[in-house]
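Input: structures, listed below.
Each of the next two complexes has chain A plus one other chain: chain B in the first, chain C in the second.
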Partner chain A sequence: MLANQIGYYSLILGLLLSVLLCGVSIKDFNRGSKQISQDILSLTFLQLVFVIVGFLSLVLSFIKSDFSNETVFNNSHTTKPLFYKISGTWGNHEGSLLLWLLVLTLFIFLFLIKSKEQPKKYRILTLLFQQIIIIGFFLFVLTTSNPFNYLFPIPSEGLGLNPILQDPALAIHPPILYLGYVGTSIIFSSSLAAVTQSYVSKEWGQHIKKWVLVSWIFLTIGIMLGSIWAYYELGWGGFWFWDPVENVSLMPWLTLTALLHCIIVLEKRAALTSWVVILSITTFTLSMCGTFLVRSGILNSVHTFANDPARGIFILIFLFILIILSLGIFFLFHKENSKKLNNFFWLSRETSILINNWFMMYFLAVVLIGTVYPIFLDVISSEKISVGPPFYQKLIAPFLIPFLLFMSLGPRLKWIKSKIENKRSLIVTFIISVMLTFFIIKNLTTDLLFYTVLISAAFFLFFTTLKELFIKKFNNISQTVAHFGFSLLILSILFNSILSSEIITNIKIGEKYSYSRGEIFFKKIEENKKNNYNSIIAYFEIKDENGKIIELKPEIRIYNQPVIITSEADIKTTLLEDKFLVMNLVKGNEYFNIRYQIKPFMIWIWISVLLLGLGGLISLFKTRYEK
Partner chain B sequence: MKNKINLFVISFFLVFCFVIFYKGLNNSSIYTPKNINKKNIPIFEAKDLNSSAYLNSKIIFQEDTFYIVNVWASWCAPCRVEHPLLMELSKNQSIKLVGINYRDNLNNAKKFINELGNPYFQTIIDSDGTLSVEFGAYGVPETFIIDKNKMIIKKITGPINEKIVKEIKLIIK
Partner chain C sequence: MYGKKVKLRFLFLVLILVSAILIVFLILQSLKENVVYFQSPSEIKSLVELNKNKIRVGGMVKEQSVSINSNEVNFIITDFKNEINVIYSGAVPNLFAEGKGVVAEGFLKDKNYFLATKILAKHDENYMPPEIKKAIGDK
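Coming up: the complex of A and B.
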């Protein structure tokens, strides 16, 4: 109860501080001194403290199961384990917006501390732009999605958290993802500030690169955690479904990746300034756009969130204000740097990064169109369509071929003007890749030519980066590790999709099901009572073609609050493949519907994404200058 | 001059997007089918009411029996009236009942089933109503009878009654 009041008023105070901060910083902007006034730092810190207090009081309400709080009532239950009570804080609309605010205020505070060497006016403007975003979110939280709504009479029990959200990977997925997602706000604010101050330069590039890297790493890991959750919990056996909510996290990742590469050009050569600014703006706009699409309920997706048009309209208007503001600033203040700097030979590192940008823009366009086109079509012609995985696969896969090839060659080029060295070893590597691929997949797939070319390209990148890793040792290791991770990712995904096999059948206890590569035996079931669910555990023995027997125990859980039945897959992971078994109840029947999948190289998908993140991390912490 | 054209194009595009999104917020689920006379059952993928797992039409309609597809909702009063008859039909071994939960609050839907019994061997969620419309439904309740060739052979608009139950049993024989 008390926590409720404290939380609510600390949010209001936080909003008032935002307004105050705007005033103080405008005053300080015109003051003569070289450093920004200490007041601004203290106020920013105070604002962060208020948001933390607000956030903690919501956490506390969840821990204490204080059902006088509407958010807690809607999303928690006394029988839930403590861990999920806490993670329930951000597992819902109101709480997750509070997390948005927390990250927004945290990042601007860290930015002010970490940017002491930067020009004063630039820092103040960054603060101002960030405060505009913060004010927008404060208003959004307080007017349309107050996490501290009071309920009277106080309900004795809450409605419970959706069981599919009760999963360790999902408990940490939102905070990590948000650090990346919302972290892009600081890139947005500072690039707008830099444009107004004509400060888009090498120095600025070096300084903002750290922030780009931080967001990028968190976003990468956050997306991976979401994907892991989908794989283990949703029980469909896939890891990426091209669901709109997944797409909206992928879109900022694409632009952020392009931005990361552009920043390198900016920091080394002071070129591509327009690209950098536009990408900074786009990345954050896409984050906001994603929030709009997910939170307004305009899209139907597995992530069923509250559907409230008032919220949608607020974010929509706010989103367009930000877009207009940023475009206005860009057109008014941005001046393309002198022709000389943008002058580079067609075969050079700059060109290869530009090519990377265009590929990223293409992938972005595909994902964006696939995500929003159904909305446009629905409004214009009232026709309902849904865009599925084949659309994305057909449009993206072929373009991966040149993309992978450029990725293998690009980093070997020098700035300004270059020629390809070691042509012979490259050609040898390429031939090896093609032959290797051909021998691996010649009996596996019907679409031989396409897959041979695609996988060869991936192997080519794999081998060139691997060689680089051993020959050049620590020179440019971050880039090599990240690119190596990417090649591994593509290879794992491709082999996973080609080699996966699946058996769906109905089976009853004591029955054996034989298929071409082995045998499935349904031994017994066991029923258990847990605190917040009852479970049926089934014991299966699966014999593979070599006669090796493994035991898998998929589970069906019947949660009590709210009553939802979930299927927990049992997965045996080895380095080479995952064996995945999930079962469903068939109503009024002693049969269970089972789905047994063999998914090769699953674990390598996660490992390769971790490698990508590691590449970013190395780049963040290294001090050596790279060529 | 070029800048002005750019600016104009961009603003026009932005306004366009805004209008679309704004409209999209307000009318999200009005759906008119293209051909109602389609006799085959539509191919679809939908969530199961109890497990929220995705099911596709192939799996649901894989058995070699007659199926009855019943479109219902907890808020629909006639559905309550016809429910005992559906329970009666569900005891018949040679038919399988599939429920389509039409534009409903899931908690209410579950309460409805817990209260009155579950005649369906599978209940799927149709939160925006498109699936029901694909089947050719105009409202709730509606019932479709599907034969062994997976063709919709009969459609009953409104609640079923004793007479229709008899008719259904005749068809199955």
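Coming up: the complex of A and C.
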């Protein structure tokens, strides 16, 4: 109860500090001194402390199961394990917005202490733009989604957290993803500040690159965690469904990746200034759009916590204000730096990075249209449609071929003007890739030509980056590792989708199901009582072609609060393949519905995403070291 | 007339414009092919001609209508005005039960039989997809 009050008032104090900070920093902006006043730093720190206090008091209410708090009542339960009581803090609308706010204030504070050698006016303006976003979110939290609403009379028990959210991967998925999402706010604010100060330069590029990298790494890992969770918890056996909620996180990732590449052009050659700024604005806008689409209840999914139209409208208005503000600033202040020579020859590093950006924009367009079109159609004609995975696969897969080829050649080019070196070794690598692919694919698929070309391209990138890793020692290791990771990702996804096999059947206890490649035997079930759920564990023996038997134990859990049945898949992971068995209950029936899948190279998908992140991490430390 | 540079720029612009138009056309075209429409049992009954494309049907699973054997699950989807028989072989989500909302994706055999290829899972007992709300109407 006390925690409730403390949390609420510290949020109000945080909002007041925001307003105060705006005033103080405008005053300081016009003062003559070279460094920004110490007051600003202290005030930002104080604001961060208040938000932390607010956040911690919500965490405390969750730990103590204080049901006088409406958020806790709606999303927690006394029998829940402590770990999920804590993670329940951000497993709901109000708490997750508080987390947004926390990251926003944390990042601006870090920005201020990490940017001491930057121009004073630029730093103050960044702070101002960031405070505008922070004020918007404070108002949003306090007016439409207060996490500290008081309930009376105090209920004796809470409603509980949706069991499929009670999972370790999903407990850390939101904070990590938010660090990426909200990290783009700093890029947004500082690019606007840099535009107003005509500071979009090499130095700025160098300094903001670190922030781009940090957001990118967190976003990459955050998306991966969500994907892993979907793989083992939703029981479909896939890792990416082109669900609108997934797409919404992929879109800022695409623009951020584009930004990551063209910021290098800015850093090294002081070119593409407008493009960098536009990408910065777009990335943050897409992050905000994501929050809007997911939180407003327009998209249905686990992420949609509540259907309150006021919230949607608030975010929508706020979003429009931000877009208009940023575009206004961009057109009023931005001047293309025409004095410097930024011409480049068609065959150069610059061109290759531009090509990367064009591809990214194309992928973005596909994902954006596929995600937004159903919403759009619903609004204008109230017709309900959905856009399925074939749409994305058909539009993205063919374009991956040139994308992968450019990715293998691009990094070998030099700045300004270049020619392709080592033609012979490239050709040899290419021929090896094609031959290898042809022999692997020959007997596997009907769509021979298409897959051969696509996989050859992926192998080409795989071998060129692999060679780079071994021969040219640590030349540009971050880039090579990341590109190698990407080629591995594409290869594992492709082989995974071509080689996967699946058996779906309904089966009774004691029955045997035989199919061409083996046998599934349903041995027995065992019932267990746990604190917050009852579980049915089934024992299956699966014999493969070679007569080898493995035992898989999928589980069905019947949670008590809220009453929800979940299936826990049992997965045997090896380096070569995952064996995946999930079982479902059909109510009032002796049959169990099972789905057995063999998914080759599953673990390599996660490993390659980790490699992508590692590439980013190396680059981050390298830029720090170079300074 | 114009300098070489201007001509080159012009060519470049035209190239971008043409490829942009092509890409938009490509996206819209495959959108048309891959869109899945949502229909209620009543809408299907009132169809003039049968749609060959993949559709989604939503409504409630009729009480006492689920029957299951080793290959198939059969049930009836109703919107309390009309109903349709569904034949399905595949994985069934846990929250699939008689008297609960359901969305099935697949192809129409005729106006009374629907061959489902997928049954969509819900995540929450109390949650009802907007599609089903629409299909059932103001019950």
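One rule holds in what follows: the second predicted complex is superposed on the first by the 615 of 627 C-alpha atoms of A that agree within 3 Å, B and C clash if a C-alpha of one lies under 4 Å from a C-alpha of the other, contacts with A are read in each partner's own complex, and residues count from 1 in each chain.
As a convention for this text, a residue touches a chain if its C-beta (ideal position, glycine included) is under 8 Å from a C-beta of that chain, and two chains touch if they have at least 3 such contacts.
Everything numeric here is computed off the predicted structure, so don't read it as measured data.
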item	value
Chain C versus chain B on the shared chain A, clash or fit after superposition	clash
Partner chain in contact with A:F292 - chain B first, chain C second, else both or neither	first
Which superposed partner A:Y362 touches (first chain B, second chain C, both, neither)	second
Which superposed partner A:T505 touches (first chain B, second chain C, both, neither)	second
Partner chain(s) touched by A:G370 [first = chain B, second = chain C, both, neither]	second
Chain B versus chain C as contact partner of A:I313, first or second or both or neither	first
Touching partner for A:T566 - first (chain B), second (chain C), both, neither	both
Which superposed partner A:N584 touches (first chain B, second chain C, both, neither)	both
Chain B versus chain C as contact partner of A:V379, first or second or both or neither	first
First (chain B), second (chain C), both or neither touched by A:I323	first
Listed stretches 56-64, 74-82, 110-118 or 164-172 of chain B, narrowed to the one that overlaps chain C	56-64
Set of chain A residues, in rising order, touched by both chain B and chain C	164, 235-236, 300, 382, 384, 504, 556, 562-567, 584-589, 593
Chain B contact footprint on chain A (complex, rising order)	159, 164, 235-236, 292, 296-298, 300, 309, 312-313, 316, 320, 323-324, 327, 331, 375-376, 378-380, 382, 384, 504, 556, 562-567, 584-589, 593
Complex contacts: residues of chain C adjacent to chain A	23-24, 26-28, 30-31, 33-38, 54, 56, 66, 68-73, 89-98, 121, 123-127, 129-131, 134
Chain C contact footprint on chain A (complex, rising order)	162, 164, 234-236, 300-302, 362, 365-366, 369-370, 373, 382-388, 390-391, 394-395, 504-507, 513, 556, 562-567, 582, 584-589, 591, 593, 595
Complex contacts: residues of chain B adjacent to chain A	3, 6-7, 10, 14, 18, 20-28, 30-32, 48, 50-54, 59, 90, 107, 110, 114, 118, 120-122, 127-128, 130
